[in-house]
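You will see chain A twice below: alongside chain B first, and alongside chain C after that.
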Partner chain A sequence: MQKLIYIFWYIRKMRYVKIANEQIHDFLNQLKQYGKLYAPVKVSDKFYDRKEIDDVCDIAFDYVRTLLPAKKYFIHPKEKMFDIDIENGTYDEPEEKIEPFVLFGVHACEIVGLRILDGVYLRDYVDTYYKRRREAGIIIGLSCLPDDHCFCNLRRSDFVDIGFDLFLHELPDGYLVRVGSPTGHKIVDECAELFSNVTQEDIAAFREFEEKRQQMFSHHGSFDNMRYLLELTARDELWDEESEKCLGCGNCTNTCPTCRCYDVQDIPDIDGKTAERIRFWDSCQFRSHGLVAGGHNFRETKKDRFFNRYVCKNSYFYGLGTSYCVGCGNCTYFCPAGIDYLGNLLRVRSASEPEEVVHEHN
Partner chain B sequence: MNTTENIYSLYKCRVLRVYDLIEDVKLLLFRFENPDIAESWTCKPGQFVQLSMPALGEVPISICSSPMRRGFFELCIKKTGRVTDKIHELKPGDFVGVRGPYGNGFPVDEFEGSDLLLIAAGIGMAPLRSVFMYAVDNRWKFGNITVINSAKFGNTLLFRKELEAMRDVAEAENIRIIQTVTRDPDWPGRVGRAQEHIKHANTDPEKTYVCVCGPPQVYEDVFNTLIKNNYDPRKIYVTLERRMKCGVGKCGHCIAGTSTFLKYICIDGPVFGYYDIISTPGLI
Partner chain C sequence: MSDTMKPKVGIHGLTSCYGCQLRMASVQEILRVAQRFDIEYWSMLSSDGTIRHVDIAFVEGSVTTMADEEELKAIRENADVLVAVGSCAIHGGVQGMIFGEEYRKVFGEIYGNCTMDFEAKIAEPIHKFVKVDHNLPGCPPEEDEIMYYLATFAMGSYPEEKDYPVCAECRRNGYPCVLIERGEPCLGPLVVAGCGARCPGHNIACFGCRGPVPHGVAWFDSLARTFREKGMEKEEIKARMEIFGRQYEKMNEMIEKVFEHED
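The block that comes next holds the complex of A and B.
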């Protein structure tokens, strides 16, 4: 059985402070002293992306989702594992100095997502590359309001109690800040002049925000029985119809906060003396993912690959008692074929047609 | 190499012997260069290693020797692509990088005190040879033993000569070796598929553990025959294959199963029980 809580986080008595809107830019500037600051910025009409922040006024507080999830800071889309000396057959780990960095504005679902990645990358065999970056990263959470694709509430990942250093909850005139780690305490202590005590009005506003947020989710209840329903409906026509539309592009897995498959390749240098062993994000939606020598493919058809993502994401992550899917909705939002992941799960849950959802980005 | 705690670092191993088994399949003997590793490295039958060829990549290969021989191990490798082609060019004295051992292996401790029936088809004898060697090296721990080794032709029977050469030991030790071919009219020995010879085994179905390895299409018939012959389905084990990149439960390539039984073949397997197999679509 896996350890319940991974090395970085353990539940402690929460500490609560408040920061007023007037202080927030000061605070963000001060955060830079702890490392490079990354936060969501608006990059086009519809899209937000996390970028290194120079001017803190660029930070978008009201984003719902970014182009790539926070996992990109911990498992790089492409990274070198070893420098290979072909003649001597030696494999040397590249000297990489990992600077501390701050991720500002991470939503609850993504924090759960990172803890799921911890479960994969730090369990049994510890992945050095991931671990070093995870230790270097400070996580500042931010509350959010859902759009039509969000269903973290059905996934029990809409509220987090560990996995962050600080978590900011929106108030009418500032933020209620939960302190979640010793690093979080240190930051609050070192920026003490920016924080004040939480008042009764703040608590009332916090409650109100949480209630409003719960009401904004399009669907209620739980998806806990989804893994059984998926198995029971595996032969339904739904999967033929939906997989038929799929382009096999891998957007859904790239944008998923918990999809983590990678491929490895040795790239020889032109001199033929050295090579690099690199790893890069892979996708179970690609035909090559399940292909083995001799031409046999363990996921031969597009339907096999399509359904595989549904069962994989909806399977049980023992470490947290949740599923691997945190309900962020990215896979629906970024699917070029307009495949509605949540809609399909709802059809599995209730065996009826999905309610019309407006895809304002299509 | 191995200066850090990096789980993907490789142990340097020296090739000591390269032996042609059948067409396209070679048996290689390796030794760890680092004496500390040679001293401390242990494995279980059914586990595998990741073997690296510089600038080409890594492949998972089952350990096919007995874990009892410290510091040395053998791999039986079929030439099927980029990396394995290059492995076939290795000569004694060459070096390779190896990491592992990985996987759960066969539950050999649980097998103790029981009879053993090993059923191999095609290249399936490679992982089963480690179980067999282990059982021979620990003969007193097991009851009767039968090995059924099957292939299409006499000259594609893996480890044919080695098993033939063991005839005397086998007789003295209550071990039955059955080698059978399916499509070779010139073969003087037994013919037919592996499952047709289960009835000739010297094992008592009531108290036998069965290990099966072969191409995916053989399993169903083997299972059916075993169960018809009163072998206990709870004591049937198979070892599976998948595309693998990491071997340590990270890269996701070997994930198989369904939403209630999602398994990493590399760490939860490659050895699975009969009930896991039949209740999980897509496992084999």
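The block that comes next holds the complex of A and C.
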């Protein structure tokens, strides 16, 4: 029965509405009734990040990327998992009740990123921490225009048809809204006075935006064979040269929408009777990530660790048939050493020198 | 472990500011710590100088005099486990910046011809003289790490030392990166985490007080290259990295390599 409902849901026509620019702040304020509202705001000279929104006028609609990806709401950077009673050998995992919350302004690549995390965290072994938060999170997508580091088009993650409750596409005078879930319907129904029907001009503007966007990507074609090319070029000097520059700082993985490795540690209390188990974001760029009992390290050198990320991100996620890399460009933008991930992949694809990429963080 | 079997602890200070000991003495749960251990010796709190056998000895400070060296060796001989506490003990500290010929010169400038009843040496980390079992980094160490280390020892276990840089905590805390954004010479990429990226969190570039990441993953060369690309000169880069990293074995060589390579 459940399955049938889903099938009907997918094959039915999507619902489209329009919201005018004049209504958008009202809409954002109304969203707060569904839960705490988080959206991108400018946090420093050049950077944006998602924060809890008090005044909806603070929301940045034209941001390209945030300091931390949306994953931070579902896998917290650092969290306590449970308390341990050492004396009795038991542990107490609290049934944490998660209040609903709304993420506004999530770009397509990040929505694909969350779906990849779903595949990892919800499929074979369910991570209840992730699951509870994912069920509580309402996702409002937002269209975007790429910068030089973006290549979601090469990853087939530039347009999403699932994974959001509402998706807003920029129009000259408002947004064309795709409704993607029962929650999305509910929101549109309950805020009906803010929406209107989509007109022929809106459709033309939507088409135009999509075309303009496609032309703005700096590279075209596909990266579908990237995994194999990487494996075949594993011995190229490129990897010595590039890993030599790497600082091993882990910024690339921490800012990646789909990097999901975490480390677990038990922190005993001074009385020795209780402890708490915590987990926090780990990175394959760190030495201890590949360290196992007996002192053996699966990725002994910096080069091993550096190359590992390229191979891991470019392998295929069986659930979606796309690579784990969604082409967001965060790892290039947030690399303090200025290592150009996209540039390196292009070198692997074409075996020729990349065009000079100027590292401007704007 | 029953109360009658409390681990015996000694806390010692060699040449240093005694800030690490002060930090240890001022942890909020000091009374619970005192209940868990028999504190045999604490140089900051007691003038009793006899060194007795302990299960765990914590040593703050660098070796700067012959007396330091002798005391350290006696501490080691009388301790089952020895923990180096803070940047001076682990890396030689700020006083470890002055080396070799330069040291003689600076020494001459400061002390002139006066005679002293001890021999002053170049400040060095304690691992150069004795075997160190664990490092508790910081300048001074953070309260949560002090408590974590103590709690693991109290259980008869040992702590897991961090081997990743400040950048990891800077990202986890969502701070904007001052190196990327403003090109400031942040040492976060090569300094061991634990402080929660306190300085970058206040918009100040990390200057490395906790010392380099252990286990040979402090990449002075790559960071020197990055700084160079931001327009810094070799001497400037060295001066910044030397404050807390001068005694890191390969620091100089690593920085030189970058400039040799690209000159």
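As a working rule, the second predicted complex is superposed on the first by the 348 of 362 C-alpha atoms of A that agree within 3 Å, B and C clash if a C-alpha of one lies under 4 Å from a C-alpha of the other, contacts with A are read in each partner's own complex, and residues count from 1 in each chain.
In the analysis below, a residue touches a chain if its C-beta (ideal position, glycine included) is under 8 Å from a C-beta of that chain, and two chains touch if they have at least 3 such contacts.
All of these numbers come straight from a predicted model, not from anything done at the bench.
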**OP:** Examine A:Asn254 and indicate which partner it touches, taking first as chain B and second as chain C; both and neither are also allowed.
**Re:** second
**OP:** Please work out whether A:Glu99 is in contact with chain B alone, chain C alone, both, or neither, and reply first, second, both or neither.
**Re:** neither
Subject >> Touched partner set for A:Ser44, first chain B, second chain C, both or neither >> reply: second
**OP:** Go through the superposed model and pick first if A:Gly338 touches only chain B, second if only chain C, both, or neither.
**Re:** second
Original post:
Looking at the overlay, what does A:Gln265 touch: chain B (first), chain C (second), both, or neither?
Top reply: both
**OP:** Applying the touch criterion given at the start, work out whether A:Leu68 contacts chain B, chain C, both or neither, answering first, second, both or neither.
**Re:** second
**OP:** Look at A:Glu244 in the shared chain and tell me whether it touches chain B only, chain C only, both, or neither; answer first, second, both or neither.
**Re:** second
Subject >> Shared chain A surface residues [contacts with chain B and with chain C] >> reply: 86, 265, 268
Subject >> Interface residues, chain A side, partner chain B - complex >> reply: 81-82, 84-86, 89-93, 120-121, 123-128, 226-228, 230-231, 234, 260-266, 268, 275, 279, 282, 284, 289-294, 296, 298-299, 304, 310-312, 314-316
**OP:** In the complex, go through chain B and note every residue touching chain A.
**Re:** 1, 3-10, 12, 52, 54-58, 80-81, 84, 95-97, 216, 241-243, 245-246, 248-253, 255-260, 262, 267, 281-282
**OP:** Over in the complex, which chain C residues touch chain A? Could you list them?
**Re:** 1, 29, 32-33, 36, 147-148, 150-152, 154-155, 157, 160, 163-165, 167-168, 171-174, 176-177, 179-182, 186, 188-190, 215, 217, 219, 221-223, 225-226, 229
Original post:
Can you list the residues on chain A that touch chain C in the complex?
Top reply: 43-47, 49, 67-68, 72, 77-78, 86, 244-251, 254-255, 265, 267-272, 280-281, 283, 286-288, 302, 334-338, 361
